[in-house]
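First chain A sits with chain B, and in the next complex the same chain sits with chain C.
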Partner chain A sequence: MRSRNWLSGIVLGAGMVFAASAASAVTIGFSQVGDEGDWRPAFSKDMQDEAKKEGIDLKFADAQGKEENQLKAVRAFIAQRVDAIIIAPVVVTGWDQVLKEAKAANIPVFLADRDVDVADKSLYVTRISADFNLEGRLAGAWLAAASKGRCNIVELQGTTGSAPAIERKKGFESVIALFPDMKIVKSQSGDFTTDGGKKVMEAFIKATDGLKGICASFAHNDNMQLGAIQAMKEAGLHPGKDVLMVSVDYVPAMVTELKAGDANASVELRSAIGKYIYPVVLEYLKGKKDWPKWVKIPSDVHTAADVK
Partner chain B sequence: MSREHTNSVGLTAYPRAVLVRLAEKRAVWPLLALALILVVDGFISPEFFSIRIVEGHLFGSLVDVVYRSMPTAVVALGMAVVIGTKGIDLSVGAVIAICGAMITWRLHMGDPPLIVLGAALAAALLCGLWNGLLVALLDIQPIVATLILMVSGRGIAQMINLLYGGTDPSFSSDFFAAISTGHLAMLPSRLFVGAGIFALLWLLMRRTAFGLFVEAVGGNAAAADLAGIDAKMIKLAAYLVSGLCAGLAGVVITADTHTSDPVSAGLYIELDAILAVVIGGGSLAGGRVYLGLTLLGALIIQSLTTSILMSGVPPEYNLVVKALVVLIVLLLQSHKFRARIRRSARPAGKHLP
Partner chain C sequence: MKERYIPIAGTIFVFIALFLTGGALYKHFLSTLVLGDLLADNAFIIIAAIGTTFVIISGGIDLSIGSMIGFVGVVMAGLVGHGWHPLAAAAAMIAFGVLYGGIVGWIIDICDIQPFIITLAGLFLLRGSCFMVSLDSVPIKHSFVDAFSAWRIPLPGSGFLTSSAIVMLLALLAGVVIAHFTRFGTNVYALGGDRTSAALMGVPIRRTTVMIYALGGFYSALGGVIYALYTASGYPLAGSGVELDAIAAVVLGGTLLTGGVGLVVGTLFGGLISGLIATIIDFDGTLTSAWARVVVGLLLFLFILAQRTLIGTRNALRQSIG
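And then the complex of A and B:
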């Protein structure tokens, strides 16, 4: 009996020492959306790798695309008294309550990637993400230069109503509106998928008699553009030569197409964004409290010339 | 119902009688709907009916409609058999995703194409077997039984993709490209795959007792059992057929874009397949299998999709337009609706010479 008490005392003591050593590092809870597509798993992996580099004790929670899992994860982070919480929100609504709980516990919340819709903006410190609108503008600016401001464009939209689809479209349109001879002549949703992009481009090819008079294809993501490239090749057209191909994401498969000359430009949506997110969090914890409500991660246009 | 028809046939002139009799043919209304959609397409795009030869094969919107409808049509054929037994198979989209992952995984492992094809179809049959066992042996309601695989299948496909890393789920294979996007005698090769499946199923359903058994089990399983039909085996076989059909569609869809996309490959195809069966006059209450009309249903759905893509309707309206047209097609199909229209039109008709 006595020896067992001794033993539990040792275990308890060891536990306290372990807890103390963990507490010396910064502990951050990160609630991720899930692992859909190619981009998000790469984003998750980068967050974990960068955390190791920065010496951060990262508690990673995958919400598997469900807001209720995400709310549970955030409440668990609050209970564990982490130093800061990063949320990549599944949806924009329904955040007021849990963010108030975090504030009451004095734990700062940072948003990564998507936005939230809360009445009281002081419930989170800042949102750190790429600017979809800027990506659209960059694609439009590249195309305006490449086509000398004269271009009939077919557009492959992302999933109808999704934030990247809306903002990339708006950004792109705001730039081509500056050029009287640039206009979108066909626009349809390819649901961000290769299959969708291929089907839509097939229909465009038929509707425009082999893309006659079309100078460019703008796709809201690379996957749809990859499908469009296949559809054009199967119809005996030469993507990248007959028609300028510009899209957003810069996924590995698009790099291959840029090298082969089947695509002309892709705006990068960075997945390695831990190096933009953690410094904001760490500086805030050290005392820099005045951040704009949106810290934008810069975008970059890659062309065939870059990848050679 | 029938008395009303004999009356109108007896009382009116010969051409009217022909029309009425024609109206009772099951194929007429779906055919009429298809014709209407195509006529509208002709107005939307004057190029719609032009068929040219590009790179040694036929090329045009009409070819696209047939070509693009093939995966849905094949899935719908399998669905028609399952629905014939008073069942339903919601898992077909997930089976397509699993097939895609199998193909990509085995190709990455360096297997020869025929082995890969065999592995993909074997996986699809295994899915069919799973559904069949749940429905036939454990007597779980089909909608619930197949929901299990519908929900979990895409996760299984993602796990298969992890077996080779899954960072680049694309592949290149001449064999699979030939099946899906290749051409044979100026026609898309996948049409021959589809025609082969249709012929096999038609023989199975109409030239063997299997078709009769399916309709008997679907019409009244207890009565069929008393008549000595092994209802369990018939149901199991139906889900195997549906699994295999979904597998073939999965092969074609995956080879089309030569990439495995577990999240969105064949997404909602179960709904299109069920719709094709229903447009084709199949009843969800079971007991009826119309393979030819199911094909027609798939063609109607695809021509609708293609015309929406061609039309320049803003994408926000795609689904609403589709739903409206489907509603009209189904109303045309409905005896009750047509009878009501006829009744309200009759007083006006009397004044005509």
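And then the complex of A and C:
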């Protein structure tokens, strides 16, 4: 009898210690798409590093690009009763039910990066992400200034139908539309890849007889622009001098090109965005409930002058 | 214990051991909520894997089920977008699955082709067709879909049994009945055990082969329907790689890849084991998802090794008797 009391005392004590340690830290579940490309692993790592700095107990789940893995992970977070869930969605559709389950469990959901298509927008608190349209506008504004508003442009588009490709194009076009002597003369998809960018630029070079009369190349991401730079060099042209080169992402390889003068400007798509995301989540948990449905992460243009 | 029940006993043991391990390691793990989620989230894989169980017991293989799941989803989304009722679209897609499977089985028998190669062709064909139908994920917006995914039976505790889990359990029950209480079921085992003897004993090889793959088509299409309802969308990339997850579920469930031996109910636990490993990794939150694959791979390896040993002792017994 006596030993049983002892035992229950230990169990109770251990339980209290456990409960106390769990109560002190905020637990956040983060469901990431996967680790494709350069940007996303950097984003994942930043989220983990920033969580450590903020003292957040981060549950990180990588969906390996699969919707079903992501749904499983979010349900596991709900079952685990985390304090908040951050989702970088694999696809825009299919979120209604699981978000309802999160809401029923009183767990707030935040979106990072991509959007979701749900009937009831109150199922998530807010989306925290960069503004692709603004990135396009910044690229356009830089080019307008650099070319004094007179420029024939070739454009390397991202994957057809993808949100960054659509929005960067729209943003860029909205700015150059303000300048009657700026226009896009050629535009094709390079699928966001270096190889794709190289092929498209090779075709442009052929079609325009060595880029005659072309003043700038705008690429929806750096990888395609890196391919374009290669293609131009192979054709004996001087990217960055004969033709202004502007793109989006600001990846390390582009920094090297900017230094070498082969590229002129790159709009940064930040991967270190944990410092923009966590404060929103933490403030929400502390009681600030009213957030716009989209919290925009600022963008920045980098030129050769920045990297010297 | 009868020899045929040893593998399934091993499977259930591993499942329970994993569940208890999760419970010992993480708070809130030992709950009906986790169990219900496990059944719901893995329902479509398990449904498809039930069909694969029949195919593998018969000594065949089916690599096209992941693509079938994707294809069923995008076409269903398209049909519902054109005003079809989701149930009518589901029925049409299941009929397509049966027909498709039947044709595959017929070709395998008529042309005497390796099932591996023809179903691999099916994998490419159906996945390619997904992209012909749609490049993006298409939402399925219909009040029936909302009602289906919202409907659930509460379990004691905080958990619930969702409609997809219930469909899965019914599909499993049907599979068990077909496997163990019908002439067709007996023929499947006979075919997988020894094709020549089966033919000599009067098993209609062609008809059975056609029916096996038609049944496989039925289950993979049903899996696709459940996936589409579960995500309320059709996505051309949905289900990629699921054929391998299904085969893993079947093997973890104690079915021999050499054919002739296996239990349909084992596949349920096989599928739940992979799901459980993923859940444990999500609960932990610091392990990378690569661990899920590593652990499933190790388990598969152990199971196959154990099965080899079992077959070895059985063959040795037979020889000593013979």
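By our rule, the second predicted complex is superposed on the first by the 289 of 308 C-alpha atoms of A that agree within 3 Å, B and C clash if a C-alpha of one lies under 4 Å from a C-alpha of the other, contacts with A are read in each partner's own complex, and residues count from 1 in each chain.
As a convention for this text, a contact is a pair of C-beta atoms (placed from the backbone, for glycine too) under 8 Å apart; a residue touches a chain by one contact, two chains touch by 3 or more.
Model, not experiment: these values are computed from the prediction.
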Which of chain B and chain C A:V33 touches, first, second, both or neither: neither
Partner chain(s) touched by A:M182 [first = chain B, second = chain C, both, neither]: neither
Touched partner set for A:G236, first chain B, second chain C, both or neither: first
Touched partner set for A:K199, first chain B, second chain C, both or neither: first
Chain B versus chain C as contact partner of A:K100, first or second or both or neither: second
Partner chain in contact with A:V246 - chain B first, chain C second, else both or neither: neither
Touched partner set for A:G161, first chain B, second chain C, both or neither: both
First, second, both or neither for A:A207, with chain B first and chain C second: first
Chain B and chain C footprints on chain A, overlapping residues: 160-161
Chain A contact footprint on chain C (complex, rising order): 26-29, 31, 33-34, 37, 40-41, 44-45, 135-139, 141, 146, 149-150, 227, 230-233, 235, 237-238, 240-241, 275, 278-279, 281-286, 288-289
Chain A residues touching chain C - in the complex, by the definition given at the top: 18, 22, 29, 57-69, 71-73, 75-81, 91-94, 96-97, 100, 117, 119, 160-161
Residues of chain A defined as touching chain B within the complex: 35-38, 157, 160-161, 186-189, 191, 193-196, 198-200, 202-204, 206-207, 209, 226-227, 230, 234-236, 252-253
Interfacial residue positions of chain B with respect to chain A in the complex: 45, 47-48, 54-55, 59-61, 64, 68, 158, 167-168, 170, 181, 253, 256-257, 259, 261, 263-265, 305-306, 309-310, 312, 314-316, 318
